[in-house]
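Two complexes follow with chain A in common, the first pairing it with chain B and the second with chain C.
Coming up: the complex of A and B.
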């Protein structure tokens, strides 16, 4: 690794008991007030807690679904009821679906101008810096508040090229209705796992992006998801289609204030990267620490296409997050760059999956994981090289840094290689901050706290520099906040 | 209260495995250059580390005074801010922090006056030139992938930029080729001239000392200072080695 981080044996301290209902016990600690403000009364309409056919019917009616979607929801609910909760990851016993409100409509419909968004909701996004970012460096912005989009806007110069960026609901009723029907939950079917089925039944909000053939959008689009309501779930659906030779950078941000009951996020992201197209999908996930983040993301890449994931996971009480990329066409290529920071009371199970089908496909995975104050970070990777994927390449490199001896870090790499004609590499390292490096930095007048923070942000730096500038700054701030929390 | 810069009084130091230094006394005044020599394993680096406050080395007995203040219990960063510096025998690689920003950060900590960015850049450039360092190293991650020689030069660069009152050079010449030793020695000479800084040079090798003004030489054997003399001691050791001192210490 390097001198600042010394390799050591994997710690197998008994993990904290995360199965309890009382998340409160884990909520103290770090100052996250930056994200933690909450708005007590913006919901206008919400369904009852729990999940029944009546609730699904109600959501469908509320959203004015076309008939096929109504049926799709009911079918998904059936699948949900038949499937079992995953038993291989972090415990999710603290999540009780009977207590989750699956649909909360804010008291506004979608606006195309921030001026029209009600003040108390707008002020939330102001604090998060969204309108400012839009003004400075984004081609379009979508902002979701609880279950619905409250703002959506695409700059004219992008719209002129035929780029579509809208909420999924209106796309489903407009010109692209057939396309939505053809693509919606085809990549992530409701049968995939229990929470995909849940998503199929109660999904609401999210974004639809369509980039026509040959169009290169050189500045990013961004959707921001804010879950404000207590005890609620957010189930947004993001569907992006990048046509042949087109190019897009999409940024997704998420946060929520802290409540003393469980919140749930079970979003779904489906990305279609066509021949020779390129898509970069960047995420900074900063859910509050009462969140169960059970999100599903998947991309399929055609011949010569390129998919780039940049993923920062900081928040949540429990996360299951493994973006999957199916490298279908010849020469398709994927790069996954991710960082996960697990603090007190957090059990973050993250990683990615690469499925090589086409010839000469390649995947490159670089991840860093940090854990402190008893946090648990698990990195899971799965690389599958199908028999057809001759002359393919894959390289996985994951590094973990444990900031104290009560935290835990695990690496679970999996490889399923079905052809000899390929080139596969894997490297994993787990270490802790070297006292000698801290002494070295301190000998130049740097305090111990700062020395440790410098080593940690240095460790994270290769990932943060992949993020859009504002997000890199946000990530560095988050790391600093987390470090201060642990050293105060 | 004496006006000595550094006073080590009756210092005994140990690590988990046992005691290394026994009752060491050492006084260094401003502007003086002291050389510490001794066979392998005598405890030379231990003395340097203990003076700098490396927590691995525990002070069992005795005192360290700097500028008349007892610093025996002070943390390393506070010692650095008081004007102490150590050039490491094996400088550590720290990814994600550039050499330049590391130096600038250090300067912010140790000096009261803030240097303007342009002024800083200029001084850095000049100092790197003096040390025959390629300016690209300023941008590179601290010591990551540096050759042994570049690491040592980077240490001397930091010393010249931070301009401490007192610097410990822990085997700065080890593993360097003849040309690099000459360059590093030039850097040390510059430090002596510029700041009237005091030095404790820990070395095996007389080569690095040829061009330097040396005031005192100390011989450390098995954790004890067995002899102190002038620069002529260096020559004697170059000729005859440490055998005589080791034998005397065994008596």
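Coming up: the complex of A and C.
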């Protein structure tokens, strides 16, 4: 442990009960236009629509890839062309790769000061509150606009202790080149599935974080991804290595304006949690509702390590999102806490996968799902207890709330147990808002709409309280926005 | 049929999940069935209580399908995967198997319960495969308005016999009818068993399905209940025991269509040695099932490190005012229980047998035939004897 870092760290508020007045105050004045504004003409260079070897070559050249990466991209393209589209999830017929622009470079290179970011791009992040958030409670920020990072900065007091937070491409070409080559797409190989292969072929942007042994970063780092270009794809890659006894909280946010054509997000997140280290990875996903979000996230946890996922899924037209955790070392554990809100025109297929390999590993999954206005919400999970995972434990609890009778809510969990010496529990419940609860609240002078909103807020509360105040407030805001209209 | 030589796909999961998990479907390789030349010996008891007739299978199938004409058949499951194979009378094992058994069985036995008829004794149908034999049979039970009866199907053989069997039972329950269908598999350790069940329930109908799956080397079984009628009730109670390198593959589906319907799927079992088991259980609340409830529980005891257990408890919902739950507990006997039994001088193996027998007999005691229950009890004890 590095006391110096701990001491010098800016204190941030611990997770709070989001039903407090603080959050309501924070929410005042927010509206939908917060996320749904467009910037015209900010793209500077883009490749043609579609996916060909020439386009992959072009991206590789544009990125100044080392030779191994160029070959890796081409191999990934080959794999992509051989793999089939999944036959088990939401339909993705509306996604035509021939119409997707896989690389869009904005009119700037990466800056280390917001003042240097071109005004039209900076204003986007201003509206999203990113510079303000950095100033108040973040140890570092990376901001990606379309295919490239436009801003990256790490507070000096964190950098002084050896923490690396940079864009992945600089790291790949600089002093961490070997480390990137050793770790890049080793957890999520291009053969994993079709869209992992696509990512391997056209990835661009994303962050590299390295937390040295014993360093505990008390305040979070954040990456924010904004996809502005119409009909474009975003394929950022996040690689985080938290060394022995180190500690990190990483926050990921994303949004996009709504266009009348399909956009695609096929990012990839690879997380390495070493012995006795801890990593919390929080996401508030608010892509626009023309987005196909086919994202892959995976963590591997060594002995005594701890992985925590906090995930809020609100946006996208279609989502396939299942963070996977490989509990490799003895005593490794993982907690997954997630909420998914499916509204009109959305088919959000989310969940998680826990793979227990080490002895005495444990996993705890708590999810909430809400469906309304014809939205489809699916919780999909797998808990795999391998023969070596003796004395392991897993508990899964998923709850779904149907807010009307034109929506869908499904739970499709699987448990695959290959040892006798384990303890596995699973519980799921699907239901609607109980009339009795609404009646009780109304009998206390609360209107029906308010009563239903309160019940939904209470339902989501176990998730939002896992987030820092400002992010819990953003999540509650999103729920509030989603609930508008459905209550009328 | 599939491209894999002479095989059929059975027990498809109604809503597909990741293919890598290997639970979306099961393949039965018909070329690997144990070769036997003799037919199993069929006996029956108490059949005089009900009207019995045989019909040519195509005719019987078409007649039974007529009872399902009002059922909305979706093109997609869970708005995602296209329906794999439409079945007029949906069954647990599925359309490929129904097609297969249609070829294997020239005649189908139809049992009819007249309106309000309630025979006291269970109708018992038994197939004794002796040292090894084969059998294929299809039954249709037609329970008219207000009738009530119990049907018990026993599959028996010598302990180490090998053979194969293919069965299918369809139950049609009119308004207020109540049928208890009980199936007991006490076959030898070399058997391949395919046992399919299905029911269509009218208003206020009750279908109780009890299954004891204790024998066989490879067993594929399933049950699909279309709860079309309001206030209909479908209950499953299953006990299974799988040991050696045997396989058990189960698929239960409750399609709840009527208002205020109720489904309960309770499964408990034990796995030893290198047993491989897949349990799929789906509660499917269809549009119009307002006020319905569904509950699904599996309780699995695993005794050895070589076991593979796959459990897939699914809830699909396209209706608002429903209440669906599922739960599963998987693991070994708790240390507290083992310690307690140890202090009473009970060895580990005996404790495992006692706990297995206790669990399975809690299901077996639903069978209103003491001779069958005794056979089940003996079968469990002998199975643990083999293990030792």
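By our rule, the second predicted complex is superposed on the first by the 456 of 488 C-alpha atoms of A that agree within 3 Å, B and C clash if a C-alpha of one lies under 4 Å from a C-alpha of the other, contacts with A are read in each partner's own complex, and residues count from 1 in each chain.
Here is the rule we go by: contacts are C-beta pairs under 8 Å (C-beta built on N, C-alpha and C of every residue); 3 or more make two chains touch, one makes a residue touch a chain.
For clarity, every value in this text was computed on a predicted model and none was experimentally measured.
*Asks:* In the superposed model built on chain A, check whether chain B and chain C fit or clash.
*Replies:* fit
*Asks:* If you stack the two complexes on chain A, which partner ends up touching A:441: first (chain B), second (chain C), both, or neither?
*Replies:* First partner only, chain B.
*Asks:* Tell me which partner A:279 touches in the superposition: chain B (first), chain C (second), both or neither.
*Replies:* Neither chain B nor chain C is touched by A:279.
*Asks:* Look at A:430 in the shared chain and tell me whether it touches chain B only, chain C only, both, or neither; answer first, second, both or neither.
*Replies:* Once the two structures are laid over each other on A, A:430 reaches chain C alone.
*Asks:* Between chain B (first) and chain C (second), which does A:90 come into contact with in this model arrangement: first, second, both, or neither?
*Replies:* A:90 sits against chain C, while chain B stays out of touch.
*Asks:* Touch test for A:198: chain B only (first), chain C only (second), both, or neither?
*Replies:* Neither partner.
*Asks:* In the superposed arrangement, which partner chain does A:347 touch: chain B (first), chain C (second), both, or neither?
*Replies:* So A:347 only meets chain C here.
*Asks:* Just chain B (first), just chain C (second), both, or neither: which does A:376 touch?
*Replies:* second
*Asks:* So which one touches more of the residues on chain A, chain B or chain C?
*Replies:* Per-residue touch count on chain A favours C.
*Asks:* With both complexes placed on chain A, how many Å separate the closest C-alpha atoms of chain B and chain C?
*Replies:* In this superposition, no C-alpha atom of chain B lies closer than 14 Å to one of chain C.
*Asks:* Applying the document's contact rule, which stretches of chain C touch chain A when the two form their complex?
*Replies:* 15-19, 21, 23-24, 78-81, 285, 287, 290, 300, 302-332
*Asks:* Across the complex, what residues on chain B touch chain A?
*Replies:* 52, 54-56, 75-77, 79-81, 85-86, 88, 91-97, 102, 105-106, 109-110, 141, 143-144, 158, 162
*Asks:* Show which residues of chain A lie in contact with chain B when the two form their complex.
*Replies:* Residues of chain A touching chain B: 2-4, 434-437, 439-448, 451, 454-455, 457-462.
*Asks:* Where on chain A does chain C make contact in their complex?
*Replies:* Result: residues 87-91, 347, 376, 378, 380, 382, 387, 390, 400, 402-405, 407-432 of chain A touch chain C.
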